[in-house]
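What follows is a set of structures for review.
Here come two complexes built around subunit A, the first alongside subunit B, the second alongside subunit C.
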Partner chain A sequence: MPNFIERPRYFCALGGAMETITALPGAIPVLHAAPGCAGNITWTQNGGSGLQVGGYCGALHVPCSNVQEKEVVFGGVDRLREEIRHTLDIIAGELYFVITGCVTEIIGDDVRAVINQFREEGVPIIHAETGGFKGNSYYGYELVLQSLFKNYLTKGLEKKKNKVNLWGIVPFMDVFWRGNLEGLRLLLEKLGFEVNTFFTQDDTLPEIQKAGSAALNIVVSDLYGVEAAELFKEIHGTPFIVTPLPVGPSATHEFLRQAGEAAGIDPATVEKFVTQEKQRYYKYLEPLLEGYNDLDLQRHVIVIGDANYAVSLTKFLADDLGWLPELVVFSDPLNETQQQLFSQRFDLESGLQPVVVFETDTSEVIRHFKQNWPEFHGQKYYNAFAPGFVLGSSLDRELALSLGAAHLSVSFPVANRAIIDRGYTGFRGGLRLIEDLLGSCIAAR
Partner chain B sequence: MSFKIAIASSDNQTINEHFGRARHFLIFDLVDSRFTLAEVREIASPHCGGVQHDAAAVENIVELLSDCRLVLASQIGPRVIELLRIKEIKGYAVSGLIDQTLARLASSYEVKNYLKNLE
Partner chain C sequence: MSYLDNKEPPKREDRLQARIAYGGSICGLAKGKQGGCIADQERSFTQGSICLLLPGLAMLNSLPDSVVILHGAIGCGSCAHSQNANVRSGGNIRWGRVKDALWLSTALNESEVVNGGEPKLEAAIREAYRRYRPATIIVVAGCVPGIIGDDIDGVAARLQGEISAKILPVHCEGFKTKIWATAYDAVYHSLGRNLLDDPEEETRIIPDELEDLKEKHRLSRTVNLMNVSSMGRVDEQELERLLRSLGLSVNIFPVFSKPEEMYRVKYAALSISTCPTHDDYILKHLQEKYGVPYILQHMPIGIENTNHWLRDVAAFFHLEELAENIIAREVAELEEALAEFKPLFAGKKAFINAGEIRAFANAYLLTELGFEIVGIRSFHHDEFAEIEYEKLSKIAGQDYVVNIANAQPFEEANLLKKLKPDLFLGHWNGNATAAKLGIATHVIYNTGLNYIGYKGVYEMARRVYRQLKNPSFNRKACEYIRLPYHERWYEAEPFSHIKAQGGVNHA
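Now for the complex of A and B:
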């Protein structure tokens, strides 16, 4: 095991927490951290989140206690208290969310005591301990959800039958978070569910506060937010299901079938709905077929992504689009149990069996490719990696160039695209992804 | 090496004196993880006369406190902080009750780290 990660595709827990709170409607992040934390988070976001940086009290506008040497020696709670007071004076918000960085965690400031004082005054304020050493930015999301479920949601609400909460898509780390959440929300609403997705424009804090009344929680990730779902179940008694991020018709069909089954919806209703949606999907693809065959747009693919995308993109390419995923690289740091779980997610309907590797170092991807793809030694017949495609992040453009393959950034960091509310989930998301994939193939036309 | 702290105080209860005006410094020493008063060091001539600062006097004061790790005063200027830093002493402008400040300091990362390195 090397002791560093070369060009990682995430940042610290504090960063993930800050982004997550920025995405929460009406919530104001208050950092109890050293000066520089927010700056570093912002520049990472700037270089990776498809031009989505900041927003109301996010990024460089964020309130931060900016602890200095003096606070490290004498404790920083006074500075935090002062910072919260000032924030309350000048920043309008519905929920103030204090998060801590490594420095203040190490010196051991009693943040809970400060928060409790403000809560006694009736200030809507909660906190999460998000020191950078706790994990990466994906885990920061997890910690914020856990605090929200524990400290903000109303307890003891009666369950409403068709109400579900959905999460597992990390704002800004999944650059397509808005579109992805909205896509799934819309699908479930069409099926008759009342849906709370926490982070979309249609969600509000008063509704989020009532999330405990949901009869079912859906986590569209094998990794992000699963611990939070367990905690939710413990506190509010809501069961949950875990599914991969549904991209395209096959995965979305499976997703709706699972959600319907868990929520006790008549399978016939689900199937009828899926058939309708699939009809639209394939109808829209019809005029593309001539070009697809004529230009021979099938590609060999290397997929590089986080735990959500590595699985979902591969499944879509293999089972829906008819491309040939050859190598799948998980860029998240995963332990052995998690690696085993993810390896089992590649039971593809098409029967294709891509090589799956777990690699956190960006420059190692080419080595994995060379190990798994026959080398050219001037043999008469050689199965070249052509035409090829690299579906990963901006960090993988180099790899694409070296292989002479087309390239599309989907997984974090996405530096070379501007993303607003594009999403790849659901049936329509599949169409969006096809547009982008084929668009990259014919960009030079 | 001991862990000594110099505090500028006029009433021996609160940190209420500017570094430059202090007529004496209370020297506390870390004994069994607690700070206790060890001695009082008189300053022959404070370096701030109210109108201008005496450059020679300030160096004498810094020299007098050179066995301390921290100097706490209600106000302390950047030049003095720099002079202290050269001698590896940290100067901080803090106010409040001496007892409370020292109690907080005794449980700080700074002191815990020092004690850990002693082991």
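Now for the complex of A and C:
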């Protein structure tokens, strides 16, 4: 256990829960927490989520019990009951989702009892215990999904063949969440699936409530939402597959092959579809080939990202774009078992073997780089990290600057880009990423 | 006994009787019937807000050569991701170097919540010192250590002998106060207790009386300019320009000031605040302990407010005539420049929401530009605003709404629907409510922009003019985006959820 985490690239469990609920159509987060939690989360989005703050009921609009010393001493359940009562009167929502912060969990408020009281009255309300000390925002996402699956989804529905649920992309933590989810949804729909993605414009709470009828769950993350998939299976009997976040043609091909197989789709249908999509992808790339080769746009690259992006970006860069990932840094706090799992995710088709490290602290990345790259000490012939690229977060600009490398922010925090519906998943996502990477390389042209 | 002799500063509810819940009018408050002694009310429905940790970190993260250790759960203080933009641009404009803020989290987990987090904090301080070698290590306590009883002052005292970086404990337990302006006291408290000692004596080997006299004279003409973290370098430059025109040297404190130079604040002839909400705690301390007098009224936003501010400083140094000359020249120049924008502003209705002093100062400024103020919301209320109420009630064409609320956008949405202003000025992360109602907005602070002094009036007018000239973005968006409130809420009385402590609603 390290003694601290430098500039943590995540919020707390409450923060992850709040932004996940904000992203859920028609859902209202109700915080049972200290007064500053919502503000802290809002400011963090403002600084790290690619200029996306709040939503229908997010930011400082979220109802919050704002507990004070009085509640710390005497308990906060009366305050929570009062808050929920008035929330129902003022805030228009289809599902009210109570989440707790550090203070109310430490003082031991019995939130479940309060929720049950309202449920008995027929109020659509559920809760999750998301005290910040329980984990980071990715874990908060996990807890919200678990509560949703357990307390909101209709149980005992008949399974529908070709219906799938897809998750594993954490809203606002992945600043491309909307585009990434939509990209995968569209692909699967083209293949004939009926898809529930929970958080896109095309998802609705009534449909989400019927998610238990899916024949397959797809988690596009080795980490985020996997526990929830296990719980889903236990409660609703739906099997699941886990895949890395598919970015670009190679990974998307593998993703569709895996999903098709699990859903019992004829492999020939999948292959035919993939071939069409790849043809389209390379047709788009055709006019880039002159410039890409003339300008010598191949790069050595350091990839720094969360558990989803560290794997996916590296795979795309190595196996599709033909760049040279030299160092891959996972910025999530991961235990040994998880580290082992992720180390095995780099069986790259291109045969490259980047150095993989697990490092939460931004300023330590340069140390890992120096340990793994020959030092320059004035030698005449030096195999430099040039032309270089740092693909990470906006906190990695200092590293890029010190290495004289170009830079692009993709993983949280993304302070220096405005992201709306851009996504990097699927075939088209690969094209978007190429645009952004090369745009950064030639910015001074 | 001074407040600074204690480990923690008192909360502002107790020290200043500051309040966060009120709905009424400007004339009602100015008559003094309620001003300064608003009852300690609360709300039966509340929305998320900020706590003292946010403004506290905004100041602390700006200090060069420092590391901030946030002692708490993992997400506490993640707001620094937003404040980092200011650290980067602020550092760049001052020292020509873009550098990210450096903050750490002890990321307390469930077992540490049960068993105590002091050992982890101790280890974190040692490791931070070893790795970063900073001049100061600032230990900020969030809610968790406040509840589980971690003694950050004790830890700091234990480790201080071991490392040469100065360790500064700062108390920002969010559940302890409703008034987030307590943050300024918390930060000043720690700066005042830890960083004001003189550096090692530098005595002249050969005495030089002339140099000593020169130094004495210089100090007699040096003022402390208290900056705030919502103020960018451009604003400081405007105030420095005005102070220098009075022949004064300026020592800027505390945001972005170097820890090893902070002691200089004790030797100035005068401390000048730009915001009483921000500075009263430390200025009173500097006067009591070091005999540095201070000026603590009028935020220099708006023409008349800037005049007042400058006159007060000039009067202290007996430079009244010089000040009047400067003011006459500045105001004439400014008025001429503003003429281009004023016709568009005439009769337009404006609504403002911000920290109390800043909200009122901006209301004054907009009135000077020709706007009609239809409502003001401020985050809290205390005694320092009384003079502002009086000033405003004198120039107000008619009475208007005053709402005291620690954000609470539901009350704001209700008021805006009823009042339908043409322009809304709001705090950072506080403009989207108005935007979703289709109203032209402008952010009331953004550290890259100029708000203060005569230049600030002109730049503000220019920006507001631009927003009013083309408010299409918000207008178009409001046709398709709605706020999360039931229609019935807009028909209700806006202050119907304000109630006496422990009592029932007014309506």
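One rule holds for everything that comes next: the second predicted complex is superposed on the first by the 443 of 445 C-alpha atoms of A that agree within 3 Å, B and C clash if a C-alpha of one lies under 4 Å from a C-alpha of the other, contacts with A are read in each partner's own complex, and residues count from 1 in each chain.
By our rule, a contact is a pair of C-beta atoms (placed from the backbone, for glycine too) under 8 Å apart; a residue touches a chain by one contact, two chains touch by 3 or more.
It should be emphasised that the depicted structure is a prediction, and the values quoted were computed from it without experimental measurement.
Superposition of the two structures on subunit A leaves subunit B and subunit C fitting side by side, clash-free. Shared-chain residue A:Ile106: touches subunit B and subunit C both.
Of the two partner chains placed by the overlay, only subunit C lies in contact with A:Pro8; subunit B stays clear of it.
In the superposed pair of complexes, A:Asn46 makes contact with subunit C only, with no contact to subunit B.
In the superposition on chain A, A:Phe74 contacts subunit B only, with no contact to subunit C. Judged by the number of subunit A residues each one touches, C leads among subunit B and subunit C.
In the superposed model, A:Glu82 makes contact with subunit C only, not with subunit B.
Of the two partner chains placed by superposition, only subunit C is touched by A:Pro413; subunit B is not. Of the two partner chains, subunit C is the only one touched by A:Pro35; subunit B is not. With both structures placed on the common chain, the touch criterion links A:Pro374 to neither subunit B nor subunit C.
Between subunit B and subunit C, the minimal CA-CA distance in the chain A superposition rounds to 6 Å. The intersection of subunit A residues touching subunit B with those touching subunit C, taken from the two complexes, comprises 69, 72, 106-107. Contacts from subunit A toward subunit C in the complex involve residues 3-8, 10-15, 28, 31, 33-44, 46-48, 53-54, 56-57, 59-69, 71-72, 82-83, 86-87, 89-93, 101-103, 106-107, 131-137, 333, 362-363, 395, 397-398, 413, 415.
Residues 44-54, 69, 72-85, 99-110, 112-113, 120, 123-124, 126-128, 131-132, 142-144, 147-148, 174-176, 178, 180, 406-407, 409-410, 428-430, 432-433, 482-486, 488-489, 497 of subunit C are the ones that touch subunit A when the two sit in their complex. Subunit B makes touch with subunit A in their complex at residues 70, 90, 92-94, 101, 104-105, 107-110. Residues 69-70, 72-75, 106-108 of subunit A are the ones that touch subunit B when the two sit in their complex.
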